[in-house]
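In the two complexes below, subunit A is the common chain; its partner is subunit B in one and subunit C in the other.
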Partner chain A sequence: MASSSKTEQKKMLILKSSEEEEFEIEESIAVQSGTIKNMVEDDFTLIPLPNVDTETLIKIIKYMKKHGEKTKSNEKDIEEFDKEFVKKSFTELKELVLAANYLHITSLIDLLCQAFADRIKNKSVKAIREIFGIPNDFTPEEEAEVYEQHKWAHEEGKEHIDHSAY
Partner chain B sequence: MGTSIDNGVPVPEDLTLEILQRLPVKSLLRFKCISKNWYNLINSPVFVRKHYNYHGSNKRPKILFHDFDEDASNDTIRMTIISEDDSEGGGGTPLIEKPHHLRGFGVDMSLDGPVDGVFLFNGTKSKTEYDPFLGLWNPATRVVTTLPPFHFKPQPALLQDIGAYIL
Partner chain C sequence: MVEIAESSESGSGLLNSGEVKIGSLPEEDSFHRQVSSFGSSGSRNTSPLGRIGSRNTSPSRQKVVKTKPRGLDEETVTTFVKPVQPDVQMEDNIWPMLPEDLLNEILARVPPFMIFRLRSVCKRWNSILQDHGFLKFHSQVPSHGPCLLTFWKNSQTPQCSVFSLPLKQWFRIPFTFLPQWAFWLVGSSGGLVCFSGLDGMTFKTLVCNPLTQTWRTLPSMHYNQQRQLIMVVDRKDRSFKVIATSDIYGDKSLPTEVYDSKIDKWSLHQTMPAVNLCSSKMAFCDSRLYLETLSPLGLMMYRLDTGQWEHIPAKFPRSLLDGYLVAGTHKRLFLVGRIGLYSTLQSMRIWELDHTKVVWVEISRMPPRYFRALLRLSAERFECFGQDNLICFTSWNQGKGLLYDVDKKLWSWIAGCALQSYNSQVCFYEPRFDASIY
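This part shows the complex of A and B:
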């Protein structure tokens, strides 16, 4: 005889950050992370996450909890949440996207990468280098050549180029 | 100084590509200047395909209108690409009007395509003699490439006064 799932106790997991802080979370919510799902299937209930610091883990849990309670009626609410969620510094976004990638939370990776793209698309070449910490390995002549190849892309609308690295 | 997010842990390439594929073409062309690595990433056929597929699936259709007029001077290329607007009521925003980068490629501008975002066109180098050539045009990158000379006679294209193509 199958037992009613309504009487089942909600299974809880413990997520542990790199700083050894522990957070309790419903399994049904946590398995939005592919990585956690795999560990649950291997019978883990204490999930160590050495790649995720406490601050980042708290944000991720917040995201998963919000998205875990998705229904037809609160779509707008979740959209608003997502919009606010990505209003963070590039440093925070980077920590989040690395963690989301490690945890295999597809919707969050998508949200964060889109936020990055939206924020950097009008930025200057110099600003991008600063944001991503990329040294310029072109010689001035080489860079000028690459610039010439697609001059229109640099020149058109250049009054709208954003030079800030924030 | 600055807000370098590369504080010890660089963004792995697969995540960088996830971000890059969401960027409009114009931004990507500028970002080729960032570093040799980004130059190669953006140019790589694998990435170009990835970018094309990503935007293909999310795509709002764009329509290219070409008013092909034999009597027009070489300077007048009446072509407009219109994209469905994000604004209320639509209406369409002209993305390229009278593409200047196509000037000088011949009065005879019959277009074929697009295939993977690229048009084939039939141009003539000279107004006085028949000196035809084929070229490829990518409206997104605005790159025009002349193909090597051919030795077959192209079939006469169906000459239309106005052509509309879906991009």
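This part shows the complex of A and C:
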């Protein structure tokens, strides 16, 4: 597959996922990614992204395309898009945030981290451990001690606590 | 009558003092976003048409099914990741490899009062969430929203609650560290809260950070009198000042005193002229303190840089009742009060001071339905205070709070906020981990 088409007005790039699937994208949109921007400056037109699987790359391209057409008038539209964009499972969000971090897309990292924070803030400690795959490494005594230190924070808003890991 | 005492009491309610660095994270550098360093983008290819023909060998992208952790059985399933069906990619083991900087970005966006609970997740989180550098980073995240802090003393026990406007939730904060004499809530600025009170015969002041549960008593003023106080924090300068104007009875002519945290001392300045006409209405903005004087209503201004008082000849609206002064952002100063003597004809209005023309310009009126709901009778007591172009009206007897957003020109009830107790004091408050009492 040929890379950039020199006859077209807009310069195109090809992004290749870890599963070797290729996607064509306008350079002007792709450079929202700092990583891709650097590679473009080094004259790459085929950008291999071995850290990003196809599914995630498709979502990221969708994000970049939407944000690439940002104007003063469609701000609300983009806000709506962002809201919908983060309505995904934790697993998907995790894949996205790792990819966004690797690709250095600042606005997407912000959006995803905020989504994580919003989703976990009311979660119970157990649910958070499940979501993040973190084993409890406290002994029962240590855990009780940490709990005591900020008992008031645990007590307050108890009725708001969400125990699901989704 | 002159009393100069050294600062004596201070303390920290935390078992682990915020000053002790527990985590191994370096101060600020680790919190700048870095491109994830795991998995480089293959080998550097000099040919633009080149294909990376070799199979991807990046360790983080393996698609094979991971074997379950040894010894995983039903009893331990609650503390470990849920076992999944073999045909589903088990990528949960990637989670602990979430880069430090991403985890920090996520945790920094969790509202302040929710951070404490997360310390119980695991040792690593406990360590991160107490790390000095992280807490500073957390405080730099654009405001987690304005909060209201209410304080009241139930006979001897101080009760303090914080209502988070964006979360629509109350948090009761233990204020057991507060000494008995702390009685009046002076106000809050930049994450610090100031109290005053009489300890025996001595008038004392105290600053604290409710979030970190740290506090200290300030040195005593030169003149031992109950004074009108206001506290202001300068975040850029990392310092705060407390200004004491007139004594609360308005019958003593006392020099204005200013406490500067950088030198930990009170200094004496010009006595406010017309001290007997002082009201309790004050607002601070743009390094100037504005104070309302009575009979007739007038405005005095104190400049921190010169230590001098000046009369501002702005004419107040005729037949103004209440007359609260509220500071906005930058140099904006608002005046809030009712016009009209008879209850059926009253309206609540907001004016802004035009500094150049030195006149009060009406900018808004409270819609009648809100006015009626807030104050059933015109004689109903209400409080008015503000911060950052938000003006809050509270009517204690009805337990309601009304908010006016000056920029958006929006009136709204504060949802989920049932304010209790007629004798509680309230102010705006920004919970910040990095607000230092020193």
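Observations on the structure shown:
Throughout what follows, the second predicted complex is superposed on the first by the 158 of 166 C-alpha atoms of A that agree within 3 Å, B and C clash if a C-alpha of one lies under 4 Å from a C-alpha of the other, contacts with A are read in each partner's own complex, and residues count from 1 in each chain.
The rule is simple: a contact is a pair of C-beta atoms (placed from the backbone, for glycine too) under 8 Å apart; a residue touches a chain by one contact, two chains touch by 3 or more.
All of these numbers come straight from a predicted model, not from anything done at the bench.
Overlaying the two complexes via subunit A brings subunit B and subunit C into a clash. When the two complexes are overlaid on their common chain A, residue A:35 makes contact with subunit C while staying clear of subunit B. Contacts of A:130 after superposition: both subunit B and subunit C are touched.
In the superposition on chain A, A:18 contacts subunit C only, with no contact to subunit B. Touch criterion met: A:53 reaches subunit C, while subunit B stays clear of it. Judged by the touch definition given at the top, the superposed model places A:45 against subunit C, while subunit B stays out of reach. In the superposed model, A:106 makes contact with subunit C only, not with subunit B.
Judged by the number of subunit A residues each one touches, C leads among subunit B and subunit C.
With both structures placed on the common chain, the touch criterion links A:146 to subunit B and to subunit C. After superposing the two complexes on chain A, the stretch of subunit C that clashes with subunit B is 99-107, out of 45-53, 63-71 or 99-107. Within subunit A, the residues touched by subunit B in the first complex and by subunit C in the second are 91, 94, 97-98, 101, 109, 113-114, 116-117, 120-122, 125, 128-130, 132-138, 143, 146-147, 149-150, 152-154, 156, 165.
Contact residues of subunit B toward subunit A in the complex are 2-7, 9-12, 14-16, 18-20, 22-24, 26-27, 29-39, 101, 141-142.
Only residues 89-91, 93-94, 97-98, 101, 109, 113-114, 116-117, 120-122, 125, 128-138, 143, 146-147, 149-150, 152-154, 156, 165-166 of subunit A touch subunit B when the two sit together in their complex. Those residues of subunit C that touch subunit A in the complex are listed here as 14-16, 33, 35-36, 38-39, 41-42, 45, 48-52, 56, 58, 60-61, 78-82, 91-96, 98-99, 101-102, 105-111, 113-114, 116-126, 169-174. Of all the residues in subunit A, the ones that touch subunit C in their complex are 3, 16, 18, 20, 34-35, 39, 43-51, 53, 91, 94-95, 97-98, 101-102, 104, 106, 109-110, 113-114, 116-118, 120-122, 125-126, 128-130, 132-138, 142-143, 145-147, 149-150, 152-157, 160, 165.
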